[in-house]
Amino acid sequence: MNGIVVRNIRRADAVIIESLGRLGVATVHEAQGRTGLMQPYMRPLWHGARIAGSAVTALCHPGDNWMIHVAVEVLGRGDVLVVACSSESTDGAFGELLATSLMARGAEGVVLDMGCRDAHEITAMQFPLWSRAISAKGTVKATLGSVNVPVVCAGVQVDPGDVVVADDDGVAIVRRIDAETVSKAGEEREKKEAVSRVRLEKGELGLDIYGMRSALDDKGLKYVDGPLD
Amino acid sequence: MNGIVVRNIRRADAVIIESLGRLGVATVHEAQGRTGLMQPYMRPLWHGARIAGSAVTALCHPGDNWMIHVAVEVLGRGDVLVVACSSESTDGAFGELLATSLMARGAEGVVLDMGCRDAHEITAMQFPLWSRAISAKGTVKATLGSVNVPVVCAGVQVDPGDVVVADDDGVAIVRRIDAETVSKAGEEREKKEAVSRVRLEKGELGLDIYGMRSALDDKGLKYVDGPLD
Amino acid sequence: MNGIVVRNIRRADAVIIESLGRLGVATVHEAQGRTGLMQPYMRPLWHGARIAGSAVTALCHPGDNWMIHVAVEVLGRGDVLVVACSSESTDGAFGELLATSLMARGAEGVVLDMGCRDAHEITAMQFPLWSRAISAKGTVKATLGSVNVPVVCAGVQVDPGDVVVADDDGVAIVRRIDAETVSKAGEEREKKEAVSRVRLEKGELGLDIYGMRSALDDKGLKYVDGPLD
Amino acid sequence: MNGIVVRNIRRADAVIIESLGRLGVATVHEAQGRTGLMQPYMRPLWHGARIAGSAVTALCHPGDNWMIHVAVEVLGRGDVLVVACSSESTDGAFGELLATSLMARGAEGVVLDMGCRDAHEITAMQFPLWSRAISAKGTVKATLGSVNVPVVCAGVQVDPGDVVVADDDGVAIVRRIDAETVSKAGEEREKKEAVSRVRLEKGELGLDIYGMRSALDDKGLKYVDGPLD
Amino acid sequence: MNGIVVRNIRRADAVIIESLGRLGVATVHEAQGRTGLMQPYMRPLWHGARIAGSAVTALCHPGDNWMIHVAVEVLGRGDVLVVACSSESTDGAFGELLATSLMARGAEGVVLDMGCRDAHEITAMQFPLWSRAISAKGTVKATLGSVNVPVVCAGVQVDPGDVVVADDDGVAIVRRIDAETVSKAGEEREKKEAVSRVRLEKGELGLDIYGMRSALDDKGLKYVDGPLD
Amino acid sequence: MNGIVVRNIRRADAVIIESLGRLGVATVHEAQGRTGLMQPYMRPLWHGARIAGSAVTALCHPGDNWMIHVAVEVLGRGDVLVVACSSESTDGAFGELLATSLMARGAEGVVLDMGCRDAHEITAMQFPLWSRAISAKGTVKATLGSVNVPVVCAGVQVDPGDVVVADDDGVAIVRRIDAETVSKAGEEREKKEAVSRVRLEKGELGLDIYGMRSALDDKGLKYVDGPLD
């Protein structure tokens, strides 16, 4: 599956995507059984962005960003470009001109398992970007990869059309066919947390709110008065 | 020492703790003979916090944050929660709900040799937090650790009741019994630095202010006029 | 070449240096054939600084910042101090007092393949600094290194008087004798990018602007309509 | 897909698997278009093993090896156990007793994106093992994962029944449905390399054997006589 | 506690130490509740050594091995030198001449949270050595540290006289006062494992031997027949 | 300096090169003032090789080994190929066919700041090789670099014709014009160490042999009898 560009992909429902974006990475990751989270080296270029969109995938090679240029053409409004690399590379595969191009075509943001550059300019544009590094190292356009094929990006399998959720906590992927289920589970989780939050703000203990005491006791946790020294 | 919770610990004098906090990590670390500094991978979640407090320690296991919940109950006002892990883990052991709980109970902050999540929310709350990573990866509550036992956190031995000092430079630990001595030494150091600062601002050289020239000469430093190319 | 201080160095023309600084790291790096870029672990202490200046080099040893003090004396207005280390070290070799000293003497900034400390204070001073780490770990003044000798800093050979360009993308070095050529090439590059930017903003594709389609076709890139699942 | 064990999987043809094993990781990886290679941190415990087999997958959690015990029951003769982890962990999830169990049941070897222990004993048993670390750190049996579900292991998607090839160069995965094609392509590649090897042994240049000179010339490579210094 | 040498230390009973050495790192680590294990970056220079002895500790500074020379004088027959460093350093603090010296004085081996050099010669001497790196980088003798004070080495607190156990799995520390208890627990564990081993060799499953099925069932593990694809 | 091949280089005297090889990396590095050592991530593929030769340099790009093929033509008998990369890459740029080619043309070995593959075969050939990684990841031949230009390899500046010394301790570079001086200094050092070795074997202390006691006393080292606990 090298040297292939798939023009059209299936996408999840826009309302579901929006809901997943509002829930955010931590809730979505929990809501789908603690799966789909990219490795924590994926960091936002600037703080405060929270996006969700359909994955358009690009598989590049180290030091080469050719397939990003190819991917732009098949990106639609609301999509997130997900760039995987065939081996570890921090080279600056994405800069201000590509950000300009993606913004012009309505992309929500980009997730790169490579480096980005023009950090200052992309931050000023407020274009949402997550990457493994910031590096000015230039890339070539020499080797074919593919667009809209399944890739592994930062430890997670991403199929074209999967939902990408990204915020200050990192990046999570929701399978397209699971998107609605996960969205509902996330909403439920959020409601429960809202109740816990109020109780915690009053100084109640998680030990009591979550009913942990008996399980701790069963495991044999021992309390001593101390101090021991 | 697994599966034990010590309820009460000795703490240093509040005035001393406050003084150490004001001095900050770099000065405190120097004042106690360049010891007690956690490894530099421990970074603040947001910039500008500077705290000091008594260490309440929790020993967790990778992917498991159960003992943090246990520790909250024995935390007092002005304490800092110090979370160690039995092996390397970046999982998100601490999020916004735990931050809410610690704030409600008067904790000064948290120092985690694990990951944190809900980065955006905890920053918005301005709850002081230092960790080795930001990761949304969820944790389980399955394995007993201990609370208020001696731990090694980010390369430093921490006993319950030791003074934790943390700011943008990282995290330093002062032994409880050394707190007063270190505080005084730090105040002295600060006074000397104030004098040096004024001289340096005028353009005087450290070589002269610190009297380094003869030692450099003794070691054999040679000056040549140059340029050599 | 240990234990030597070269007092005088050749510098590039001030107008050229200013031009390189305005172009920034990514453009300069590209303009000189994608060379001279320091490794991406070199990060700015605070965002937004963009500097250029003549390199005054210091070769230190791990845990020892003596040669930085020596280097201050030979720094001139507009210079950038470049600190290399004889083996990997993140110790805090540079803090607020040294920053005060460098500012007083007119230095543009500092680039350290070691750690810095007093992060909060140096940020408040807005003194430009790039380093591999933030660490409060104190350093000794015990072992001779050299000043204004050729060094390797973060993977790049730096000779005294080379031009240092640094911004949010990292640090690039331009050979003194290449400075004018690189400056001109950078200006050319910038003009071309300005044209591309306007076209990209309108939604035109890089594939068309850069004429990539025939090369992709020659390599055998295949388009399929999809969706494949 | 958490908490599920799939008892039966499809496997590739035994003759094809054997052929892939004989070809080895480098040839197989090239033969399938340079895909399917696990990250290079996956290293053999001892040198000289070369195996191929059908993947039985286990998804574990950090510090927890419960699912390895579950997977043993569904392993068949000639299978390779592939252990993925839901976040980075080097804990010693696999030791001499598990190796004994896998040998008894006819497994070809194990590939762990976690740590192993009892390094001396497993080496003495000559049980083939690839892992990211050697660590004696014990693991718990507390959290459900899954067996024979698709996993990402060391950067590669592995489906149950895919062919695992492993030797001193690392670990490669061949999709079950591609196994025959890749095997044939690998055999072809091997024949070509045998011809090149004979010519290279005689001192002929790759530049000539592979006909690189005109492409280098087209790109603009310039030869100068030198020496330049 | 800088600049201090403690001449005499308490040691554990020689018979106990020998027993711990025979049990090895993995068993000892488990027998004391999964504590005391150094981080897995501590690797043996050569394979097959298995030692135990009383810790004589040295606290060095990065790039400086002076305190190792000081520690040799207070080392006794059967001791293991444990070298900690005040910040991360891979410099070659220990080479063939120091190995010669330690062998002459009856040391069992050395554990270094720094680098070693003369790898070939020390391997030829079969002197047991664990370190974080191999590096020829020379070190100075310029800065005081201490000998036989408590240190943190590779993530573990080590007090002088604690028992060091090291083999191909890494390095574990047993508190002197716990040595006898741990030794007994380890012997017990070994007996149980011997029984399990015989059953596993016959092809019995760990699921049955360790009685895991009901706990897995309680947690909700589901078996499906498959294949799913 | 991209896209250039320099055919002829100056080399050091063969007798001097041989002497440096016999001395080995640690001695050579010390003899030239502790400079010229590559970073410790450069490891030999197999143990026991010790080589010295003249550097023929190749500058490659990540994921691309084209310039290695170009360099083979200008390698002479006794040379060592030194491969630098324009950014970090562990891809397998060098395998068994290239090793065959280099052996056929009389090269002493190869030093790669990239990855190697065919680890088993190259070990069997006993072709000396040092690299940063073992990886089967294939490389392309698409982008021009240069041959016999100055490069930075694993943190050290290497000019064509410099002497490369490599053994189990790593890789050191001696400037061609310094080779004779370093060789003599190394021989001197070796003689002194031989005397020390005899005394250390008898159990004499380095403290006495190297006369360290007064310097330690001057610095304020304090001895206490202990034990302290």
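Here the chain labels run A, B, C, D, E and F in written order, and each chain numbers its own residues starting at 1.
In the analysis below, a residue touches a chain if its C-beta (ideal position, glycine included) is under 8 Å from a C-beta of that chain, and two chains touch if they have at least 3 such contacts.
Everything numeric here is computed off the predicted structure, so don't read it as measured data.
Chemist: Would you mind reporting the rotation angle for the C-alpha fit of chain C onto chain D, rounded to the nearest 5 degrees?
Modeler: The rotation relating chain C to chain D comes to 180 degrees.
Chemist: Could you label the chain D-chain E interface same or different, taking same to mean over half of its residue numbers are used by both chains?
Modeler: different
Chemist: Could you put a whole-Å number on the gap between the CA centroids of chain B and chain D?
Modeler: 42
Chemist: Return the distance between the CA-based centres of chain A and chain D, expressed in whole Å.
Modeler: The separation of the two C-alpha centroids amounts to 27 Å.
Chemist: Based only on mean CA positions, could you tell me how far chain B sits from chain C in angstrom?
Modeler: 30
Chemist: Among all residues of chain D, which ones touch two or more of the remaining chains?
Modeler: 34, 37, 86-88, 90, 135, 137
Chemist: If each chain is a dot and touching chains are joined, what shape do you get: line, ring, star, complete or other?
Modeler: Contact map by chain: other.
Chemist: Return all touching chain pairs.
Modeler: By the stated definition, chains touch in these pairs: A-B, A-C, A-D, A-F, B-C, B-D, B-E, C-E, C-F, D-E, D-F, E-F.
Chemist: Which of the residues in chain F end up touching chain A in this complex?
Modeler: These residues of chain F touch chain A: 61-64, 86-91, 135, 137, 140, 142-143.
Chemist: Please give the residue numbers of chain E that touch chain D in the complex, ascending.
Modeler: Where chain E meets chain D, its residues are 24-26, 29-30, 34, 37, 40, 43, 47-48, 50, 167-170, 172, 193, 196-197, 200-203, 205-207, 210, 212, 215-216, 219-229.
Chemist: Help me check something: in the complex, which residues belonging to chain B touch chain E?
Modeler: Against chain E, the touching part of chain B is residues 1-2, 33-35, 37, 39, 86-88, 150, 152, 155-157.
Chemist: Which of the residues in chain E come into contact with chain F in the complex?
Modeler: Contacts found on chain E: 3-10, 66, 69-70, 72-73, 90, 92, 95-98, 100-101, 104-105, 115, 117-120, 123, 133-138, 141, 144, 148, 159-161.
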